[in-house]
Structure formats: C-alpha cells, structure tokens
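What follows is a pair of complexes built around chain A, which joins chain B in one and chain C in the other.
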Partner chain A sequence: MSRKPISASDLPCIQCNKCTHVCPQNMVDPAFTPRGYLLQALMGEGAELEAGPEVWRCLTCLKCREACPSSTDWVGLVRELRHNAKGKDQCFECKHGHLVQILQRMMANPAIEQKRLGWAEGLEFADRGEWFYFTGCLPYFDNMFTFGSHTSIAKATLKLLNAGGVVPVLSNQERCCGYECLWNGDRETFSKLAKLNIETIAATGAKKVVTSCAECFHTLKADYAEERELPFEVVHSVTLFAQWAREGRLRFRKTPTPGVTYHDPCRLGRYEGIYDAPRELLKGVAGDSFKEMERIRGDALCCGVGNFSNCDSNTKFLQHDRLLEARRTGAEVMVTTCPKCRIHYGCYLDGRPIEPVENLQVRDITEIAAEALEP
Partner chain B sequence: MNHEPDILGFACNWCGYAGADGAGQAKLQYPTSIRIIRVMCLGRVDPSFVLSAFERGYDGVALIGCHIGDCHYLSGNVNAQTVVEHLRGILDTMGLGRERLRMEEVSSREGPRFAELVRTFKDQLVAMGPSPLKKGKVELAEEGDRP
Partner chain C sequence: MKNLIPDFADHLKTAGIAFDTRNVTPYASDASFLTMGKPGLIIFPNDEAQVLEVVGYASRNGIALTPRAKGSGTAGASIAPEGGVIVITDRLGVVNPFGRRLGLPTPRFYTAAGTEILRDALDSHRNDEVYARVGAGLSTEELDRILLPLGWQCAVVPSSGWSTIAGNFATNAGGNGTPKYGTFQNVVSYLKMVVSRPGGAEVVTVTDRDTIRDLAGGQGLYGIITELDVRIAPRLSKQELHSSFCSCLIDDVETLGEVVGAFMVEMEKVTRPIIAEFMMADKRLFKPGDKLLTHPEIGPLFDYPEGSYKFIMMYQGRRDEMAELASVANRFPKVTFQETGTETFKILLDLRKAATGKSPGRVAIPGFEDIYVQDPRDLGRVLKAIYSITEGSLPGRPIGHQYTGGLVIHYRPLASLNRAEYKLAWELTQRLCAEVCTERYNTVKRREHGLGLELYALSSPAERARLKALKARFDPVGIFQPHLMSESPDIRFVGDKLYA
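Moving on to the complex of A and B:
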C-alpha cells in the first residue's frame, strides 16, 4: 500500500480556532496556535513553517483533531513537514542528543545481532508459534531512564500471557518499532525497521502480535500497514487481558489497593479509540478504588512529550498539571498503558518537580494486573 | 580475521589529553588506530556522542580522563562512570558487547600508561573482530554533519 503525501491544499480547515483552544501547547504558551499554522500552510507558506520550530513543538497528541469540526489532519501535515525538513537537514534540537534515533538507526542495520532477551530468563516463551510478544524498546530503556525498571512491564505482560495459557514467541531479532524516527521525519530508517520487524515476525509463523506499548501498537497497526500488508493481527495487551478477564481466563483477587486512576495515552486513546478496555481491566483489578480524573478519554491531557524530542518547560508544566489532577481524585497510583507516558511522568517526579507531588506513583497497567493475578 | 580497528578516544583536557601529549613528547610507540577528541571534562561526553561513534562504525570507544578524585570539576569523571556503565548495558543488549567501551584513568604524567592502554585496547578489538556496524575505515565527519 502506498502512502499519498498530505498537501496543505487538501486540508479542509475552516479556521474556526477550536483546535487552538484545546491544544495543550497553547494552554501553556498562547503564541502556539495550530489554527494560525494551518492558515500559513493554506496560504502556501508551508516552506516557512517547515523551517521554523513550530512543527517540532507540536506534541502530536491529536487533541486538535478531536475538537476539529472538519477533521483536518494537522498532525498528518506536521509529520509531512518534519519529513521534508529532515530532507533539507533542518533538524531540531533534541533534548536527548538524538539518542533514541541513533539507537534505532543502529538497529536498522541488518548486521546487528541483539541480545535483548536477558529480562526473560527463567520465564516461559517460545521460538515459533501463533502469538508474538513485541517488547519494543523496553530492554533498552532499563539503561536509559534509570529511575526504575522498564522490563518489569515486559515481565508482567509475559506472566499474564502465560496465565492465560499463551506461550508467546520472543525474538532477539526484534527491533524498535521505529516510532521516534517516523515522527521525527526519518521515514527512511522507519521503513527499514518496519521491513525487518515484519520479516522477523512472519518468520516465526505468528498470526497475532501483542504489544504492551501504546506507541508500538499504533505504529505496527497503522503505520506498518501503510508500508505493506501485514501477515498478522496486532493487539494491545490491555484489550486482550480485559477480554480474557471477561471470559474468566484471567482471574484477579480484588485486593484493597490504594486508589488508582487512569491516564489515557494518545496513541491508544485518540489514535486508536481504545478507552473502555483499560478501564474494564482496572475495575476488575482495583474494584471501587478506581477513580476517574476530570479530563478523560478524548479529552485526556497529553503527557507533554512527543517522540522523545520536544521536552521543555511547557512539558513540565503540563506534567505537573496532570499529576495534580490525578492526585485530586484521591488516587495514589496513576496507571497508564504506554511505557513512554510512564517514563515522561517518571522523569518529572524523579527530577525537579515544580513542587513535590506527594504520594503518587505512575505505573503500567500490566504491572498492577500481574500483581493481582490469582495464583 | 585480522583487521585494523578504529578507536575513538574522548580525552579530558587536564589529564587524558595531557597524558596522550606526554606519550607523544616521550616518542612512545602506540598504534595509530586511535583518534582523539579533546573535551574539557569527561562529564561533557553525552551518551549520544558514544553511540554516534558506534553508529559511524568505530570498533571501540575509550573515555580517558583524570583519576577518580582528581577531576578538575570535582565529579565529571564520576558522572561519566555512571554513563559508561549504562552505555555498556546498551551495547550488550545491542549485541556489540560491553567490552567495546572503556573508561580509563590517565594522569597528565602517565604517557606510558596511555600508550599501553591504546595497545591493549587495539589487541582486544582485533581479537573481537570488527564491529557489525563497520562499513570499512571510518571516514572523518564533514563539517556540518549532524547526527
């Protein structure tokens, strides 16, 4: 399947300004206005936009499209403009020195033979089979964001899969999904990674791919499918586990947990429309101690960072705002289904928060569920 | 297989680089496999610099700085130690092997120690074989090259 580039003249924007009103960047910096940028693009000034910092500051959280009456694909245009900018070497200043993209470019080289399964030692997995567990970058994150374990999410997912009677395939040949490269304008590396991953998965005979990351999920399901037809189905672990819990295939003991609340990640929520499954699973695990925040589902606030690049003081403000919102529900744990949301919030809590956010942990849904699993 | 490894060294201005200079002034022989980038302190070495070097095909990277406790900025080399430990974890996961990244303490008067470290590192990299990311002799980056 080939992709048609988005051009500004195709965009049906009516300049109503709804997008600007819901935009989290605009909430902190009134000068950031997607409506204004769209006007620029519609007036044929796309090249100037491309060269400026605005396209790199958009969090690609998709709140704007949620509000837009004409479904204008501004985020699609952002991706396109970033791609063009990259082609002209108009790069952005990455706060991590492009670390994630460097890793992904290394992995895009077929000569690399990874040893990424250290975390799974002693656990049950297979080399071939119907199910493939796509771990994503988790094994790398343990050495990159050192304020906690990230492979704990992978372990919890594997444990839940096993408990549901599935022994999934894990592969050393799996590579990062390429999400960061794609959204930072490096489509070339993304395509290489997509090709290698599709081949790796297909070679194991897997027909169902499970991910425990909202971004891997969306990337595989939507963006890989744009590259070529997929010989497998992609499912986020939370959908699967909620379904298994409903069928009685997974049983949880309702332990009295401290209050929990749920943060919708953009790629699972606004991009893929999955809002109910995580809530169903959380209620199954935490019962009545599950409480909703004020801004939920399509209206959920973004974690403040897109593709590991545009973290700044605005980000910190958004994170603080969201964590306080979580705290206001009385919850002590804010649960999410995206390891990267957890990293970004974790980074905020571990670093220098604007003011301390007491008694709040950010955790992944799989960890909570695996701990509550009935033996 | 015999190959000529490429090594990138980050040497701090006060100790590592002065040590390399000392080796040169004393006319000590050491392999030409190493290219040195002088930094004011090893604390300046961002993880992305090291990974970028591996991406470009370097077989090994060495961070050469002051002895622990002698850092001119107090804790730069201690911070670098932490960074190196995590980068080694990444190199293991990537399958390149943690041994390709070294951190060495060389004071400004330890020219012989510098020469010795380049020799042993080179031998070790010859034994390990070329990095899987190597596409031939690593070219110097052009001005304006971005990661």
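Moving on to the complex of A and C:
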C-alpha cells in the first residue's frame, strides 16, 4: 500500500466522548468505547488493542468521525490495527465460515477462470468500450444467500444503462473489489485484487466505471486510487441515473407504489457524501410516497455488519431498530443503494431473530427504477 | 491487603450485571487527561435495581465507587484511583427491555409543584415552569429530539448537548439557556438516587429545591442518580427569536476589556438572553481562503488591523426580552450592534465552539482550568493579564460565556501533536491560572465541567463543611468518590505520556 500508516500520534483526540455517544456498537454493548480505545492507543497500548476482540467489533460506519470535533480517524486506526493483527494470525469471527474471504483469495489468483456473466444472457453488453459495469460479487451472492435475487440488481442496472444509450463492458475477468479483505486486515489479497481489476478494466479501454454497490464504489474510487493512479473515473449508478433522469435521458412513470423510504449506506453516505442523488431518483420514481426516516444522511444508522466480520446478536438488535424505524414512516419498502445492506437486512427479515417486522421489503434502488422505466 | 475486585466481579456475574475487568485502560482518564492509574473494574448497570445491587454490595464490603456518565469529563471526576471501581451510568432509564440503548424513551411531564401534565396538554403550559422526568442516562441532545415534535426543548443545553442529564447535574453544567434559566442546579426539581446505608443501599427521592441546589456539582460524591426532572422550555420560532452580535475594536486590550465589561453590566440590566457567548476575534481560526471570510456578515468581523484587539459577543433570546439591546449598544460608541438571522448566528456559535480549540491537527490542551471573572467590570485587567502571559507563546484565545453574575473565560493553548508542545501548553495553562486566578483580579479558578478532583481543595471552609454534611447525610458509609474529599489530590497529567 502506498498509504501512510496511521499511528497513534496522528490522532488529535480530545477525549470528548462524542464518538462513543453516536457509536451504534456502543448502543448495543456498553463496553464498546471508541474514545476509550483511542486513549488506550495514545497511552501506548496499541498492541493490547490488536490482541483483543474490540478492534474487530468496530462497524467502521464512520459515525464517530461525523461527530468528532477534531476529525480523529479512529476508523483508519482500526484498519491499521486489523492489518497488524492479521500479521500475527489474529482473526475475526464470521458467521459464514469466512466464505467471502475465501472467495476473494481464490479470485486473487490470476490463473483462475470465472464464468460470471450467465445472469446477463439476453441483455446488451460489450467486450470493449468507454463504459465498464463493475458488477462486484452479485453473481456469487445468488448462490451464497438464499433470500432474494442479487443479480436482479445487476440486471436492473444493465437495463437502465441500456435505456440511457450505454452498452457497457462486462467481463469474466472481473474480480471481487477486495473490500472485505482490506477491512479485515488482509492487504496482500486486496492489493492483488486491485491490481487485477485495474488491469482488466484498463484493457477494455473503459474510461468510466459504473458500480451499483456502495462498497465497490468506495473501494474503487478511494482505496484503488491509493494503490495507483486510476486510468478511469468511478461512478455509482445512482448518481448517474439521477443525472440522466434530470437530463431527460431516462424517463420514469410514477407508479402507485406502497410507501418507500431510503436507507443511506455508510460507504455511499458518510464516506462519499452522496445523499441527494438517491433521494432525487427515488422521488422521481415514487413521488409523494417517499418518506424520510428519523435518522438520515450523516446520522443514518449502519446496517450493523461491517465486511461480514461481526454479525452477532447485537447486530440483530441494530437491524431490528432500523427496520422498525423504516416501518414507522409508513413505508412498505426500504430502499438502499448497497447490495450488502440489503443482504444484511434481508437476513434479518428472513430469520426474524428478535421479532417479525411485518409488511416491509428491502430493495435496491435500481430495481425500483428499472420497473418504473418508461418504455 | 485483599483484592476485593474478583469477589465483586463474581457477585456481578451471579446478579447478571455487565462488567469488565480485562480492558480497563479506556477508563484510566477522561477529557481532562488526568489520571490516578488504571481502575480494576468497570460496571455497566442497566437500571435502578442493578444500581441498588452494586451499591449494596460496595456498601457492605467497603468498596469505593466512581460514577461515570457519558460527557467529556474535563475535571477528572470520572476517573478512579488505581485498581478502583467505575460505575457507568449512561444506560440508566434509556435501555430497552433487552438492555440495548435503542430507541428513545417516553418521558412524563410535571409542573414545578410536581403535578403531572399530559403530553397533549403541554401547549397550555407554555408560560409555566415545566419539567420532563427522564432516566439518568438520557442526554440533552436525545431529550431535544424527543421534544422537537412537541414544540419544546431543554431549557439548558451544555455546548455539545451530548452529555447525560444526570452528568450535567453532577457537574452543575451551564450552557445555552444558562443566562436565562441558570446552571443545572436551577433546572432540576426532582432527583431519585441510590445512596449508601450501613449494611446496604437505599433509593431516596429529593424534591426540596435547596437540597437539590446543594447536591448539584457534587461530582458523584453522594450517590448514583437514576432519574430526575429537568426543566424544558417552549421552542421559539424564528420570528420570536432575536439573534445578534456586538463587537468592539480597540488597540489596547485593557481598555477593550473595560468597555466590554461596562457594556455587559448595562445590557444585563435590561435584557434577558438565552444565549450569551463571547470570543476574541482571531484570524488563525480560519484556513487561508476559507469561504466564511467572504461571508457578508461574518467576514468583516474578522477583518481588523494588526496590533488591535476585537471582542465579539453573541446574543440570542426572546425578541421582547432583547428589545433594549440595541439602545444599550448605542450608548457605547466603541460597541457596534448588528441583528442577524438564526442561520448566521448558528455559524457564529459554531465558530465560537471551534475557537475553544477543537481544530484538526492541533489539540486544545487539557487541564481545562477556567478563569471565572466575578464582576465583568474587571474584564480589562483580566484580559491584560492573560495577554501578558500568553502573547508570543502557543496559539490560543480567550473565549467564554457571559452568565448572569460573572464571566467564564476559557483559554486553551493549542498544541501540535508532540510531547514538547503538550508539555509547554500544560505549563502555560498552569501559569495562567496561578497568576490570573487571584483575589487581585477578583477571579477564581474553575474547571469547565465542575471542580472534579479539586472539588474539596478549591472549596472554602464553609463549602467544605457543607460538602461534609451532605456526605454524611447521603453517603454515610463513604463509598462514593472518597478521594475527592482530599485537600491535596494526587493529580497526574497523562499528556506528557502521550504522543511519545
């Protein structure tokens, strides 16, 4: 990594405790205290933090930095500590048997052959061109998580791109973006994946990369850019489609839909500051049936799972709280722009570990928009 | 001597009360950056029953307890001696049946006399003293969120709003609303506390206002608050609100302070602000090219000649209660008055907060000693003394609150993140307080969030007697914060251990 590692002396923490006050993990576990861990790091006990479970329990949702008066990068420190811990063979717990990470390590092998375009049969795409649609792990998720379809997001995105006059490149050589590896301390795998993806995209001649996943988007845009200068621009599909709708390039019919509300994913919102485009697009499709939740934009609650590494009973309480908040708006659909958020909330709705949240679906914004597309 | 912690931990485990003995370093200090060592046990009770269990056990076994809420803690009151026990109180009354701090509670409302007001009838009490009954762990920010749809707000909100209401009471905090409603000792009308009793613990309620005023600022010395009534006020519309700022530019800092002090005395006679804040204008608050410098109202405030000093005062209140402010300002040729909108006022308030020293890349140096100017007419002499000590040293500027009956001046030298500057700033703060907080200037030393570790040390003989009497009444076993009752507290600064 070219990025300068964060050390305790880079942390201008004034111990005001606002980070802990807003931290979702602290809401469900009183012992979890970013302020306290920063003090620990400042007092020279970073090694003890690395060895303990705390560093793996941070959701990296960035609510702490949103509240911090001195812009202390606790989350950056977490990433560094995880990297150091990984070097000492310390690891996190994963409810899915580390499946995602195993998959990523397999994909980091340059020799591996993938057949990942089956979902796109019958749709229009290219081998070379200006636009590249980075589908991420959506084709794999269909086989990993049984609730709902995930390639439906990819199909909807492709349909909207086509409707806007773009025939994007899809590639069997594309790999997972490496987000989970990076945030779980495995930089080696992340760097390999980043290198392969940058080379794959560059080889198609693409200058614009579209993602429909908030985590892929932030990883490509910010973390790949730290690896090397990118020969392409990265855009989240919701920004693009909102712009095209504004320009009249996409037209939607306002269909009578049940109430919808919007959940800001951490990576699109707090990390990248994209709050207006999804709302603009959603209002264009759902009109007056769009209702805001209480905690929105920078204050939005995280879905409760960071990089598939810390899903436990506390996670379920956070998800339950957020789903109830969505339901209180009168909405029957909670829309998001991150397939991972949808998976995690979908997991709750599927398993109902605390209590059922009736009459609520979680859907991706591209699905809603594609259904409302005027022929 | 027997280590009592393992047995206490076993008891907590049996009672189903959350605790931690493994990772205790996070509680070795607070925003004061003071320390007395690492505690041995951190307890996280969920409700009053669990607090009763904790206090009962501690009382029977003679174990000292340090309550700790969720604010910054800038006076060291929330740190325990080496191996001690800290009780985290931020979940009391605010957790759901599963013990998670999710969702917002539904408070009940009362008049000053203790008569309940139904939620739907709140509006008919807009001219009355109204109180919300809340759990100790609720913050003013959370209560404000609860009250917003009802058209009400907390009467007093410390600048951040993130601290718990019981913590604010324990430190007798002030903030927005204090010029009109007072500090927390004036806005609480009912307290429920778990206190020690020989052989156990007891829940007591306090409704006598004099006793409540006495208990405020006790820094956890008397017991653990579980519930309290806190004053709320009708939320004013933009039309009902007066927002303004006054400024004064003079090339001699002593004269500047004299003019401003005299102005403050006069304006206090005829106005009743809800917010009254001040700061010395300082161009170093801005990065080059900052958009605020071209703001039509704010930009000119920070445009002043080198070698001169500019004092900025910010006032907000009910329009009818602030009507005379302009005419008072007119009587002072050096004071300019400008009414402004609520949006610009908020920007100014944010700047005032930033001026405390919370800026990226530098830290406001801990210690948090404040200079309490008992009579605004002494402001000139005080400012001169502050500048004679601080000019040419680390960056910093006097900022503060204009409360009825006195001014609180914060001076935070800003240190770069290295041990040398940290030490320099710490020494500067100590020198500032030693030389300026004296009878000569009619000032006293205060700490921003209560007196903390110096509660007893900084108290007069009469105040010490009062503390002892309250201690005997509410904590006869003496298990709450016994180290605070020291004439010479063992204060150690961790700042020079940081950033090695």
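Note that the second predicted complex is superposed on the first by the 373 of 375 C-alpha atoms of A that agree within 3 Å, B and C clash if a C-alpha of one lies under 4 Å from a C-alpha of the other, contacts with A are read in each partner's own complex, and residues count from 1 in each chain.
The rule is short, and it goes like this: a residue touches a chain if its C-beta (ideal position, glycine included) is under 8 Å from a C-beta of that chain, and two chains touch if they have at least 3 such contacts.
These numbers were taken from a predicted model, which means no experiment stands behind them.
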Clash or fit, chain B versus chain C on superposed chain A: fit
Once both complexes are placed on the shared chain, angle at chain A toward chain B and chain C, C-alpha, multiple of 10 degrees: 130
First, second, both or neither for A:Cys16, with chain B first and chain C second: second
Touched partner set for A:Pro231, first chain B, second chain C, both or neither: neither
When both partners are placed on the shared chain, which of chain B and chain C touches more of chain A: C
Partner chain in contact with A:Asn26 - chain B first, chain C second, else both or neither: second
Chain B versus chain C as contact partner of A:Leu39, first or second or both or neither: second
First (chain B), second (chain C), both or neither touched by A:Glu113: first
Which of chain B and chain C A:His98 touches, first, second, both or neither: first
Where chain B and chain C come nearest after superposition, their Cα distance in Å: 25
Overlap of the chain B and chain C footprints on chain A, listed as residue numbers: none
Residue ranges of chain B touching chain A (in the complex, touch as defined): 46-49, 51-52, 54-55, 86-87, 89-90, 92-96, 132-133, 146-147
Touching residues on chain C, where the partner in the complex is chain A: 18, 20, 22-23, 25-31, 33, 42, 44, 70-73, 88, 90-91, 98, 100-103, 139, 141, 145, 160, 162, 353-354, 358-364, 366, 417-418, 494, 497-500
Touching residues on chain A, where the partner in the complex is chain C: 8-18, 20-21, 26-28, 30-31, 33, 35-37, 39-40, 42-45, 48, 52, 54, 67, 69-71, 294, 314, 317-318, 320-321, 324, 354
Footprint of chain B on chain A - complex, ascending: 89, 91, 96-99, 101-103, 105-107, 109, 111-116, 118, 139-140, 142-144, 146, 172
